[in-house]
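Each of the two complexes below includes chain A, the first together with chain B, the second together with chain C.
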Partner chain A sequence: MQMALVIDAGKCTGCKQCELACSYVKEGEFNPAKSRIRVFDFHQDARFVPYTCTQCDEAWCQQACPVNAITTNERGVKEVHDSLCVGCKVCTIACPFGTVNYNASTGKVIKCDECGGDPACVKACPTEAIVFMDVEQAGFDKMRQWAAKTDNAASAGQ
Partner chain B sequence: MHHVILGAGPAGVIAADTLRKQDAEAQITLISGEPEPPYSRMAIPYLLSGQIDEEGTYLRQDQGHYRNQGIDVVHARAGGVDSENKNLALEDGTELSYDRLLIATGASPIRPSVEGLNLPGVHSCWTLADAREILDRALKGDDVVLMGAGFIGSIILEALVSRGVNLTVVEMGDRMVPRMMDETAGAMLQRWCESKGVNVLTGTQIREIDRGKNRVDVELSSGKSIPAKLVVVAAGVAPNISFLEASGIKTGQGVTVNGFLRTSAKDVYAAGDVAQGKDMSTGAFSVLAIQPVAADHGRIAALNMAGYQTPHEGSLNMNVLDTIGLVSSSFGAWEGVKGGDNTRMSDEHAYRYLRLEFDGDRLAGAQAVGLTDHIGIARGLIQTGLRLGRWKDILMKSPERLAEAYVATAQGISTP
Partner chain C sequence: MGWTGKVLRVDLTKGTCAPEDLNREWADQYMGQRGLASKYLAEEMDPKTDPLSPDNKMIFATGPLTGTCASTGGRYSVITKGPLTGAIACSNSGGYWGAELKFAGWDMIILEGKSKKPVYLCITDDKAELLDASEIWGKSVWDTDAWIKTRHQDPQMHVSGIGIAGENGVLFSCIINDLHRAAGRSGVGAVMGSKNLKAIAVRGTGGVKVDDFPAFLAATSAAKEVLAGNAVTGEGLPTFGTQVLMNVINEAGALPTRNTRDVQFDGAHDISAEAMAEPSGKNGKPNLLANQACFGCTIACGRISKVNEEHYTVQNKPEYWHASGGLEYEAAWALGAATGVNDLDALTYANFICNEQGIDPISFGATVGAAMEMYEDGTLTDKDTGGLKLKFGSAEALTTAVELTGKAEGFGAELGLGSKRLCDKYGKPELSMTVKGQEFPAYDPRGIQGMGLTYATSNRGACHLRSYTVSSEILGIPEKTDPLVTDGKADLVKAFQDATAAVDSSGLCVFTTFAWTLEDIAPQVDGALPGNWSVDKLLEVGERIWNLERQFNLQAGFTAKDDNLPKRLLKDAAKTGPAKGLVSGLKKMLPEYYAARGWTKEGVPTNETLSRLAL
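Let's look at the complex of A and B:
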């Protein structure tokens, strides 16, 4: 069983509690700009889309890191090791989803690490738009399809 | 099956790891042309700025990685390839037979024909050996001249500034990073660097370097002469292909490869800075000497070597640069495509700039200064060729809504 963040944008009300929870847990401050998850607003459609790293299999960020500072943990999550990251930012341009970001105040990059298996965004979400569940269950397929659109080279030969 | 990988940069190391992942039994030999464990040149600026030590530049941080993976690391330089007999000659006279060979020999700094480049105190900044020389010579308050403000020069620039040297940068192009960004961005970077105390001379050439007393004198095309304790040469790089001259393996700008990164010789592949691979923006085959391309090449070449037919769809040119805290990036056809539209947003005071180039309603290129959030989306949009539809019109007016445009398009939200 592999647990993953599964996002159902249809349930998102745009309250952005996830952004606050994320930045507080990861950075110790309520600052959406430092959140690893971002909610995009599409007001005219009344749609809100929470957006974060999908932990791709052959991760572009990990492959592009010149100093091996991004590794895959036992849960398949790509983790940035601050002690090794030199802040070169190559991962931020290599990730076609734009979910690795540079944090100028630390000189390192940040990305979702699913809070070590207990994601703060999930706990903060009042409508279950973000859930943490077994990836084999329905819902993940949609994410997979989305990921596959930009992941053609990475999935080739698998 | 014996896989021999010539070159232990990112392309070579990723290829070795990928081969091991695909084939637990194969013999894998990784040949490094330098004495240190495989390391990343990209990390050298951070070694110069004191953020990391030499170990921090190593491509694999686990000391036992290669041994644990059963990858034999050999320190030697290539002499030649006999692809008929599948034999690799090393410069030390030994020979190695292979079943599949990967040429990942990278590139070396170009030495422009300027008199005095061999004087003591004049160095490239390419290897760990170069870095040690620069660490010894570039001390606080020292006069240092940097030749070249291209991408590599500009990365070194930041490292030199962090060492507290008195820095002059000499670039013969009309702006900084002329092959990465346009005039607006180049001028912004220059103004920023000057505001941080760096002397930036664009449209200027170094005529010659003369020996002085405990220093050199750098003679400029403007007629000026600058004294320097150290001159760092960053005038571009060229693929390491000379050892292939007698091999019959086809070369052009770099080693010629097909859509599977195979060279003209049977069972010989090429990857990274040395390979003339497909550029997805132009459709042409050209050398794109950047880290993400080396990583893609290394992995895809290795899959093919392991027997999994894997096409290389083409690489996207992209760079990210931090010049003393001002972050800039460029992607794909940043200069635009024929018949395409473009849009620009610029704030000179805030050092922010964004330029998007479209091909129809698809993003073809982008450059950004002072904007880093979700910037990888530029790659995603260009690479997938997602049709932006009405979002293109929104971006024409508000280019900063790029990430929104991507998420909306990928999620099927079409109303702006």
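Let's look at the complex of A and C:
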């Protein structure tokens, strides 16, 4: 089973606990600027949206890397190997979603690696806006919500 | 470790910014934020200083837990001498600004002097500079926020500043960060305006560390579980916000109504949390769109609301059709019950303007309520008000008044004096519902006796956030006491005051104390800081802070005579509800309180008390 981070922005309150948890695990301190997941505040629309790497199957960051510093692990997660990364930043340009970023203090790029299969952001989120689940079932709850709106009575009458 | 150890000192007269080391000895005695900044203020400034003179200092201070993963760990406070009261002022705010200051590497900013020209302070990590604000002087909080982010090409900046109310010297103007989080009370915005300082923009890319990460993570995780499992913090506040109180307090007969003539408001439901969630207008959408958390907060009581586009206030103003900070309980009470207005959209619009221009809605609404009483009894005429028909219940009067107050135009300039100075000016001092010059908030001391003592003895003038005995007297937290009796309230108020002073010095939000006691808080502080931070130490720090603030006010010229309530609360009995027939029992409680505090009958801390607290 391949797991994925599934984000329901409608549940996000903008508290940034995910950023704090991520930066603590990855940097050993509370530092949202270096978090691999970021929360965006679309204030005038009353929306908060957490955003991070979706672990593309054919990852542009991986294909763009000239030194093969980004590899795919057994869970399908794209990992950056600091020992190989030369800090050229080409992957940050290649990523269509902006989720690979350069860390000036180390000279390497950083991205979400799902914490080795136990993502800290998921545990930190107080509203279950971020969950870790079977990627093939990611749409199940949404489908169910729409299915619940189907008007069986109308079709039965025909 | 918890503290960054760095203080930024800004001399606005000379235009200089200089780093200095945090005084660790004081930090160990006063923790941070409210307590530590009050210590700096008391040490560095004569309490008799004119609040609006360049000699007044202003401190923006974080706590040791600000910027950490502790739930609600994003608070900062503004400490200065308040122009509304003449007392020490300490206004606390959430949002994201406080944490950002910490990520930039600073525990606090001390501002002194006065700039010759309008400036804003721009902090990017360890770089701090004063920049020309001539293009934003005269602009709203919201426009200033957008202008600064555009000018620095950095949408991740966080801005704390004043609108036109602070520039115009409105005595209850506040400081707003992140568009609608407010360091709200005592006129701290006017102090900022008097210094020609428009805003402080901060961007931090550094990290915050704590003393003992494993202990800290264990303590903060356990404490978050407590918040999630508590009915108030886990369910009531996220769903309804503080507005959950409107119907509760009304039923308790403690909702000050129409300038506190009554204790129950017939329009309470119309302006309640329940009403905010009901579909309204043609599109059928409710007033409340979402709840929002401040930095690190796992409660998320903030309201994000919208004014109905068809409402008269915004019908022709599409610039107000977006979502923004909605009504919380104190604002809904002041703009609504205190003025007799039950139009939810009018209240939401007035609240938007308060945020946009940096006005404290509590003091503003209460001042309008006092003006309405003077208008109805004929003290104020149309000539005085410039034709503004200040009748109780008039939404149009309220929404026009809020626009005029920020601009300090027409009668708005008089409303901007606050209710005490306004009522004094027109010869009706008894109609001002204030203590030490500050308008009291949304709890009638006749129906909640502990709040009378709370208002009378609060070091920053009437305030609910210095000892929220409503918790105990109405909600039964941590244990139920009878709101209608005075017995035991002196000790209750003292206990709440000391505990709250500690919480306000930590970087945490006082709303956590609906669920947390100091037993939950002490391990979090202890994990963040070096040394031993037990419950006893927090209580000692809290009591020390309270007495330090008291000493500041006594030196500023306050006496026991100022620990008082408006005559209406002491003489006119509540007309309806559970408190019918009751007045405030302050006269009985106050001597008990002085004794509990270890103060003389004149309300002065004894030498024994001072030396016990190392003051």
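Quick notes on this one:
Throughout what follows, the second predicted complex is superposed on the first by the 137 of 158 C-alpha atoms of A that agree within 3 Å, B and C clash if a C-alpha of one lies under 4 Å from a C-alpha of the other, contacts with A are read in each partner's own complex, and residues count from 1 in each chain.
The definition used in the following text is that contacts are C-beta pairs under 8 Å (C-beta built on N, C-alpha and C of every residue); 3 or more make two chains touch, one makes a residue touch a chain.
Everything quoted here is computed from the prediction, not taken from an experiment.
When both complexes are superposed on chain A, chain B and chain C end up sitting side by side without clashing. Of the two partner chains placed by the overlay, only chain C lies in contact with A:Q17; chain B stays clear of it. Of the two partner chains, chain C is the only one touched by A:A124; chain B is not. For chain A, the partner that touches more of its residues is B, with chain B and chain C as the two candidates.
Residue contacts after overlaying the shared chain place A:F30 against chain C, while chain B stays out of touching range. Contacts of A:D45 after superposition: both chain B and chain C are touched. Closest C-alpha contact of chain B with chain C, superposed model: 5 Å. Touched by chain B in one complex and by chain C in the other are residues 33, 44-45, 47 of chain A.
On chain A, the positions that touch chain B within their shared complex are 9, 33, 38, 40, 42, 44-45, 47, 49, 51, 58, 60, 63-64, 66-68, 84, 86-90, 92-102, 104, 146, 149-150, 152-153, 156-157. Chain C makes touch with chain A in their complex at residues 67-69, 71, 96, 99, 103, 156, 179, 204-209, 213, 217, 224, 228, 238, 289-298, 300, 304, 306, 322-324. By the touch criterion given at the top, residues 13-17, 20-21, 23-24, 27-34, 43-48, 124, 126-127 of chain A touch chain C in their complex.
Residues 10, 14, 40, 42-43, 46, 51-52, 56-61, 291-292, 295-296, 299-300, 303, 308-313, 318-320, 322, 325, 327, 329, 331, 372-380, 383-384, 386, 403-404, 406-408, 410-411, 413, 415-416 of chain B touch chain A in their complex.
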